[in-house]
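Take a look at the structures listed below.
Here subunit A shows up in two complexes: once beside subunit B, once beside subunit C.
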Partner chain A sequence: MANALFYLVAALSVIAAAGVVLFRNPISNVLSLLFAFFCLATIYLLAGFQFLAATQILVYAGAIMVLFLFVIMLLNLAPGPNAPELERVGLAMFLRRKSGVTIVIAAALLILGTSAVLGTHDTAVQAAEAMPKKGLDAITATPGSSEGLAGEMFGRYLLPFEAISMLLLATAVAVVVLAKRSRPENS
Partner chain B sequence: MNDIAAKLGMTGDQLEGLLAILVRNTVILIGVINVAAVMTLVERKVSAWMQYRHGPNRVGPWGLLQPLADGVKFIFKEVVIPYGANKPLYLLAPAMAAVPAMMTIAVIPFANDVVLFGKNWGPLAIADIDVGILYLLAIGSMSVYGVILAGWASNSKYSLLGGLRASAQMISYELSMILAILAVVALAGSINLKEIAALQASTGNPLDWFFFKQPLACFLLLVASFAETNRHPFDFAECEPELVAGFNTEYSAMKWAIFFIGEYSAMAVMSALSVVLFWGGWSVPFMPDAPWYLGFAAFLAKVSVYLFLFVWVRWTLPRFRFDQLMRIGWKVMLPLALLNLLATGAMLALFGPPGAP
Partner chain C sequence: MSAWLHLFTLELAVVAIALLVLLWDAFAPAAGRAVGWTTALLLGGVFAASFFVDGRGTVPHGVFVRDEWVVFHERLFLAAGILGVLGSIDWLATRTPKRQAEYYALLLFSLAGMMLLAGARDWILLVTCFELMSMPLYVLCAYGKQDGPASEPKLAAEAGLKLFITGAASSGLTLFGLALVVGMTGTTHVGGIGANPAPLTIVGMLFVLAGFGFKVGAVPFHMWVPDTYQGAPTPFVAFLSVAPKAAGLATLAIVLLGGWSADSSVWLPVLLVLAGASMVVGNLFALPQTDARRLLGFSGVAQIGYALLALGAMSRGGLAMTLFFVATYVFTNLGVFFVLHAAAEEGGGHSLARIAGLSRRSPWLGGALLVFLLSLAGIPFVAGFWAKLFVFMEAWNAGLVGLVVLGVALAVIGLYYYLTVARSTYMADGDRTTPVPTGFALRAAILVCLIFVVGLGLWPRPLVEAADRAAAGIVSGR
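Our next item is the complex of A and B:
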């Protein structure tokens, strides 16, 4: 049952991800991405990570995609007879244009990504087998596993976690510096 | 009972459990939709009372059947789809506005363990899950899509402006709302709504309610819930003098009504959440061992007070300007919520959790 659900949701998420790049209407792109996020959250739920699933929806679907929609709506892309025609971005365009480099890079990324996933899968299986039975039970025993996640995040992975938060802060500061225009009347 | 269960290949207990789930969920869902219907009448009656008018008084005694008449009217009105509208999204938007509010009611614990026919049926909530608050916030944050998509799909400038305002406003106030709730979560040490309510209800002393430990967070959540549900004084998405009716300008008949079912359901959920977080949930003052039906009644009474507050504020306070709304959200609410969380954390670090010896 859970397996069948996983394959169904995984297939849907791939379809939704394809929709993100193939739909012509930008709002439809955003909604496809939203749907893909929900599929991902479902996969997290199936794996037993309630906390991660809720955070995924709260942060990505609830905040970031709303900002995407906000920006798209501010562009003049309203439907109707006067809407500007967007050029179709698709496979045909890739093949028509001189985009050999793009295809090579895409293929390289695909191989890299697949091997990374396969590699981590092996290590994950090894790690799970090597993990003491008690530890694995402790994680699966708390279905919400917010305690388990917090223990890992603020215990073993505290340093990377703090480093990432500093990186995010630096990014926010950088964006403010870049976007801020110096006002002549103030200087 | 046992014969029917045997025919279905289940034990009697399993069948009873299944039936209990069906009855409980149906009652809660129908209850929420009816709250939305009753609130339309309450809104009109209370506004009339505040403005020294009669309000609806033609259908039934004191106009009590007015929601029924309204419902019939909405169903039989013509659905007009504006020229140039994006039809699928236009039809989808009301559902996307109403469904999240109804989904979030699932984690609200209305009462303690229900004991009926000599059996404990568990707490009166559709789902008692560990990440209750996160689920509520995550699904609740989806309701903004209904408003944005309605604004965009209608192919109308007024609607689009309403949708834009709603998205900016909801994101801004969501931050303060989550930070205010986090202070309570830190205090309770749990994100399970039932556990948070049980913590406050255990002694029956109203001073245990988290309002008396977190008054600022309670106020911030109240203000944020006005903004999140698009209610006065922050209803810029449907600001009549500027935007006709904002995001729902182009909607008619039942499609229009569904937006309001969603708005009133969201109000009910936000009120219930505030009651659980700050007013002890099902706790009856000075009665720690109150039976579940008294607790349920106390819960409904507290929620009614909150719902009345929503209506009261709508008909007495003037609307802010949009820049004022943004300034309050980012420069007053957010710093206050952060400071409150910081102070709560400091107190917890210095003196330990409240229940600890």
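Our next item is the complex of A and C:
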């Protein structure tokens, strides 16, 4: 049952991801992305990561996607008389443009990935599963609670956690620098 | 926690300087050169402190290891950071006098990311530090996106966008690959791959390699290099062309020689193809360039090829010579870009025709440029000669004869285009005859680079020994 659900959700998330690139209307792109996020959250739930699933929906689907929608609606990218001239995105563009190299690379990646998945025998997957999962074990030991996750985040991964706080600060400064209206410097 | 906090004294100091600069600008905005000089002097203090702070050790769970390898890289990055700040002081003070602090702060954040990166032994920390290093660089590329000589197109925003898109795409590649690797190995430790990795792990690692290949600008992931170098502000390109490359190579060494040494049969051919392709494409595409910065961009691609070649030797000596090569490249390339900046700032452009007659107008600058170019080309008695020689020797000893022959042949081609630049400054006549005005900070930065390039050419031993000690942190044995 859970397996069937996983395959269903996985297939849906792939379709949604394709929709992000292939739809022509920016709103449809964003809504596809939103749907893909929900599918991912479901997969996390199936794997037993309730906290991660909730965070995925709260942060990505809730906060970030709403910002995306705001920006797109403010920019008025929807088709209409006032819409700015945009190159139309979509499957036709991929086929029409000189995208031979892109298609070859994508095909090569697809073949590489598929052969790797098929070549990775079940025994290797089982061996990987049997390996001591230091980080993951701590989280799955207490399903439904964020205690294990917190222990890992503020224990083993404290240093990356602090590094991310620096990264966010640097990014905030960087965005302001980039977005600040440039003044006439010689005045 | 306090038991290992002392390991990060230098990194914390760099971040503290960044915050200080930001706060200073927020409360007492200064328009002169004070912010820049303070940053440079404080960074100099951190560099000096690196010889007295003796923190070695490992953070619990082995997420971060501070050893000779990290110490070497911290000093290298700090030196590049100091010179990068020095070279930018005059430019910022004249071009964007009201917005200076953010530039230094972002550069310092990037610097902190690089310094942490060298000791990271955990995928999560590694990727975070890589982003901490890259994110400020994207924006610094587009710094002062509206200015520049009226005759030149405004390319800074385009340069920043190109770096950002390739950078974001490569980060995506790396993260996707890491999801596969961590999923298959069950650990986020870099050394978790082991012998006989499953095919899915290998594919994941190839994604990771492609991601890092973008960052160091190795062929076929080099498309952003010339465009970004041409468009971004030159004093920043000087920093961009050296420090992130050194950090990227350090990461490759950590991942390949440190983490994945058990099964090199998979990645070694990939690495050697990258090295060979970078040498060929970089050197050949540099030939027809007429813009000095594009030329140096392709020359940088070629130099990365040489560094990867030494990495491919897979020995402690090879890694040590990669470090030596990168260290000399840092000082040489910084110097070249600073001289170009001085010449182009007044000449109104970076095309080779614009810097013609430089040595007649300012013999001192022309001479410095010649020394740097000779070092890049690998002529005896400047630092670059030893770097190339050692790299080729280590690769030869490792049995990479074909690539060494190719590299030597291409180095001769390299000599041609480096001397093309030198010829235009010495032989050709420019349309001006007055000396090129340079600020004191820029002159100081060029002088320091010159001292290192000439000094290392005459007496490379201390740096070689330091590099050898540092390499022992990654590759044990000979």
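Simple rule for what comes next: the second predicted complex is superposed on the first by the 120 of 187 C-alpha atoms of A that agree within 3 Å, B and C clash if a C-alpha of one lies under 4 Å from a C-alpha of the other, contacts with A are read in each partner's own complex, and residues count from 1 in each chain.
Note that a residue touches a chain if its C-beta (ideal position, glycine included) is under 8 Å from a C-beta of that chain, and two chains touch if they have at least 3 such contacts.
Just so it is clear, the model here is predicted, and its values are computed rather than measured.
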Based on the superposed arrangement, let me know which partner A:Q50 touches: subunit B (first), subunit C (second), both, or neither?
first
Thinking of the overlay built on chain A, is A:G62 touched by subunit B (first), by subunit C (second), by both, or by neither?
first
Touching A:L34, do we find subunit B (first), subunit C (second), both, or neither? first
Request  = In the overlay, answer first, second, both or neither for which of subunit B and subunit C A:R156 touches.
outcome  = second
By the touch definition at the top of the document, which applies to A:G113: first (subunit B), second (subunit C), both, or neither? second
Between subunit B and subunit C, the one with more contact residues on subunit A is chain C
Quiz item: So, A:L74: does it touch subunit B (first), subunit C (second), both, or neither?
Solution: first
Within their complex, subunit A touches subunit C through residues 112-113, 115-117, 119-121, 124-125, 128-129, 131-136, 155-160, 163-164, 166-167, 169-171, 173-178, 180, 182-183, 185
Given the complex, residues on subunit C that touch subunit A span 1, 15, 22, 59-61, 63-64, 95-99, 102, 105-106, 109-110, 112-113, 116, 122, 124-125, 128-129, 131-132, 135-136, 138-139, 142-143, 145-147, 160, 183-188, 198-200, 202-203, 206
Subunit B partner, complex, touching residues on subunit A are 25, 27, 31, 34, 50-51, 54-55, 57-58, 61-63, 66-67, 69-70, 73-74, 78-81, 142-144, 146
Subunit B contacts subunit A in the complex at 83-86, 89, 129-131, 134-135, 137-139, 141-142, 144-145, 148-149, 151-153, 155, 160, 163-164, 167-168, 170-171, 174, 191
